[in-house]
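Consider the two complexes below, in which chain A is the common component and chain B and chain C are the respective partners.
After this line comes the complex of A and B, so read on.
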């Protein structure tokens, strides 16, 4: 048997091109249904875990899926803002913990999440180093953001403009990193957390500058009376909040109207959650409340339908490939009639020849299976990344 | 030593360690349970007094700005804010009092604005300044008057807001908190009625306040007054004397109400101008050997000097 295995292996080695093509074809046919299943299971598990840990989300009326994905994964390129007074209003109902999310800005590719310090407790996030943000202009980095940006506690990050053409909108703000979170394998790893008020400084709703009544040069004042001073736009606003200038920071306008993109609500009880949802049913303003698990389940149901279709296609292609592979082997035996005849003439028994040919098939199938399993394992590792790219 | 004996020895050691750990854990848990009092932060002295009266020994009361020279201009350090973030509740006065609130990160869920339910009763400080960057969109920095606690009816509502929150969050201590609040409320309202009765005796009397911090006091007890911008340690110079002469001619008043004891020299000079100085403490900071209630009683006595003369 050992010699027969040796001969079969040598034959496959000699015809490596044909063997490789066969192995790849069979491996991919095995991999597609197995991989799809793995990816779908892994994706479902991760998506549902994040959704389950976020009981309710409030945002502007529109796509529920977009609100859920934005609230859970901090993607909000087109999510309409709602006024901050909604946060206060829901907080005053005492039905649960209310956490605002402002999702307008980035530090390079990492989203800035303008929130409250209670977010970390809510997510059960632990600090690898440092602490939660306490003062305006401080921020906390997710583990991956800190690693990629190469930033440690005590160093700074700068917010990026909304877009290359955002020349008059947001103000790049230098924020001091006061904490780095432990890795959680969630979207939190890639976020830059700061207080919601700090994101309003970036927006320009709040800013700090020299006292226009006392220290600003007259050349920078267009007019000045006892009750009013009109400063020239040339009066520079601070782009970093320091202990020296923090007292000069002030809001322009009513903070109740300042933007947040989503609000996480963690109700005190199931009953309180239902009461809150009931209240939103009757609202006529531009607000909606969603249950992330329901939204994500709907999204996953769609994914499962697509997966089933793909599985059906994969099984059909698999059967066709099996027929082709059978044809390839039978044609191969026919083409190798001279070789088989030689083996007989040098004394090889019929069963030995059958064994050699059979082992060639078994080896090809075994190698295909190994390759398919390796691919599935790789998918298991890189699956979340692929889901992030293709689904989120 | 046989294998069996070694195994038994290892098993015994593990059992002992497990027992020791269990004991340690239960001791820690017990300590946590016994020391678990609601952590309550307050942002000014009157709120501290109310919280102390309502919560008594059943709350872990903290007043971080207690030692600040100027509580109204207090700026918290990050360590203090981190501790506040872990609190069960932070009671704030509202009415533009906590200027530091814009520059720190505190979750909305633990912040309780004690004047939230009396917003319609809040008064302007009379201090409005606007500025704009360029010709368009002036930004108004309008401030509310902050000394709400000088109106005892408003103070009672602030205490009520605190009690309501504590009762809803810590129902296990409901009986104690409720009884304490009822007593506090009774004291505050009784003193309030005494203030009202005093001021009613001379409804046309005019006074002058040394500083514009008595808006609620004036409004609640119908005291006709006008405010200067004088500090108790001001020397009465020629300019001040001129200002006060004009006011006397205009308003016909004989009493100047100070935030703190004025300089003896100033008091004497004013007396020569037939103006008597009295002190009504706005109770910004912790009074020495006294408390909010006693200080308000003293304030009442000072008013009685004017109105029951």
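After this line comes the complex of A and C, so read on.
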């Protein structure tokens, strides 16, 4: 058998172009269904794990999927805002823990999550270094965000403008990094967490500047009376919150109306969760409550349907490839009839020739299988990244 | 060494009938087989090599009655005792010169490939002037060189009989003489029985015995 394997290998090696094409064709045909299964299984596990750890999400009425994806993965900044008073309202029901999420801004490609420090306890997140944000202008980085940005505790990050042409929009805010989280292989790794009030500073609902009632520079004032001073546009607002200027920061408007994009609710019990859901069923305002596991399951059902269709297509293509591969091998045997005849005439047995030809097929299939398995293993490694790109 | 008695053979669906009354070729004898096209020269080679089995008559090689053997036994006998050289060389294009020479050892388990055999393959290649080309592939060789590889392949198992079917038909005169030199000198040295089927009458003087298969010849 050793010698027959040698001859089979030499044939495949000499005709390497044909062999490579065959191996690639068969490997891809094996890889497509295996890879699809791996990707969808991994995707399902990751999506459901995150959804399971987030019992309820509240947001503006509209797409449930978008609310769930935004609340779980911080991916969308197109979500309609709801007023902060909803957070207070649900909190007052004492039905569960309430965590606001403001998802409007980014630091480069990393979303800024305006939330409360209770978020870290809720997610069971541990600090690799530092602590949670405590005052306005402080932030905590997810492990990957810290790694990519190359930031350590004590350094700072600057929020990005919403768009390059947003000249009248939010000012960039320099935030001090006070903590970095351990890696969790979730969306938290790529987020910049800050207090929800800090995101309102970025929005312009709050700001800090020199005390205009004490200034004597006329250029900074439009008018001044004993009771009131009206600042001119020449008064510059601070773009960094420091211990020196933090006391000058103040809110304009009613904080109850300030925006959040989603609210995570962790009900005290199943019953409390049901009560809360029941209350939202009857609401007529612009609010909805979603159960992330249900939404994700629906999304996964769609993914599974698409996967099944793709599998069907892959099986059809696989069968066609099998027929073509069989044709290639049978044509190859026909083309090699002279060589087979020579071996017989020299003194080779029929079984030896059958073994050589069979081993060529086995080697080709084995190499294809190895390649397909390598591709599936690579997909296992890069799967989460692909899921992020193509699904989330 | 080779003995044929009252041989008849007919190909299925053909009118041609090969007949041979008596013929004896002695051990170490160098014999040329001639005859007009279609007289059965190749059939004769195929019969005494055991590739074909006669419908009647007896063929013996080295006192072994080949015509009594079944197909597998004839194959085994052939690979151990006979070397065959064909008109078209019939080398495997995906094997190097060295690997082509060793081919008989890789297609039948009766022959055992070891260091000695590999050394012998190198010596044979040297002897036919291919010592520096053993890593080349058939496509990189001239016609004459390819036939020399085929000769080495036929001789590697040190056969008792060397059967050649038109070995010089595709060669120019220089290469033809060279090939005949190699065949006759090797068989002389090793006392190997040489049977060469040919239509080239110019090489006949090189053989001690010439058999004409023309049924009308005297």
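Criterion: the second predicted complex is superposed on the first by the 391 of 392 C-alpha atoms of A that agree within 3 Å, B and C clash if a C-alpha of one lies under 4 Å from a C-alpha of the other, contacts with A are read in each partner's own complex, and residues count from 1 in each chain.
FYI, a contact is a pair of C-beta atoms (placed from the backbone, for glycine too) under 8 Å apart; a residue touches a chain by one contact, two chains touch by 3 or more.
Source: prediction; values computed, not measured.
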item	value
Touched partner set for A:339, first chain B, second chain C, both or neither	second
Partner chain(s) touched by A:88 [first = chain B, second = chain C, both, neither]	first
A:382 touches, of chain B and chain C: first, second, both or neither?	neither
Touched partner set for A:7, first chain B, second chain C, both or neither	second
Chain C versus chain B, contacts on chain A by residue	B
First (chain B), second (chain C), both or neither touched by A:16	neither
First, second, both or neither for A:349, with chain B first and chain C second	second
On chain A, the residue positions that both chain B and chain C contact, one per complex	none
Chain C residues touching chain A - in the complex, by the definition given at the top	49, 51, 72, 75-76, 78-80, 82, 84, 86, 90, 92-95, 99, 103-109, 113, 137, 153
Of chain A, residues touching chain B in the complex	87-88, 91-92, 94, 97-100, 116-118, 131-136, 138, 178, 195, 197, 206, 212-213, 222, 227-233, 235, 241, 246-247, 249-253
Parts of chain A lying in touch with chain C, wherever the complex brings them together	3-4, 6-7, 10-11, 13-15, 338-339, 342-349, 352-353, 356
Footprint of chain A on chain B - complex, ascending	75-76, 78-79, 81-82, 85, 99, 102-110, 116, 128-135, 137-139, 141, 168
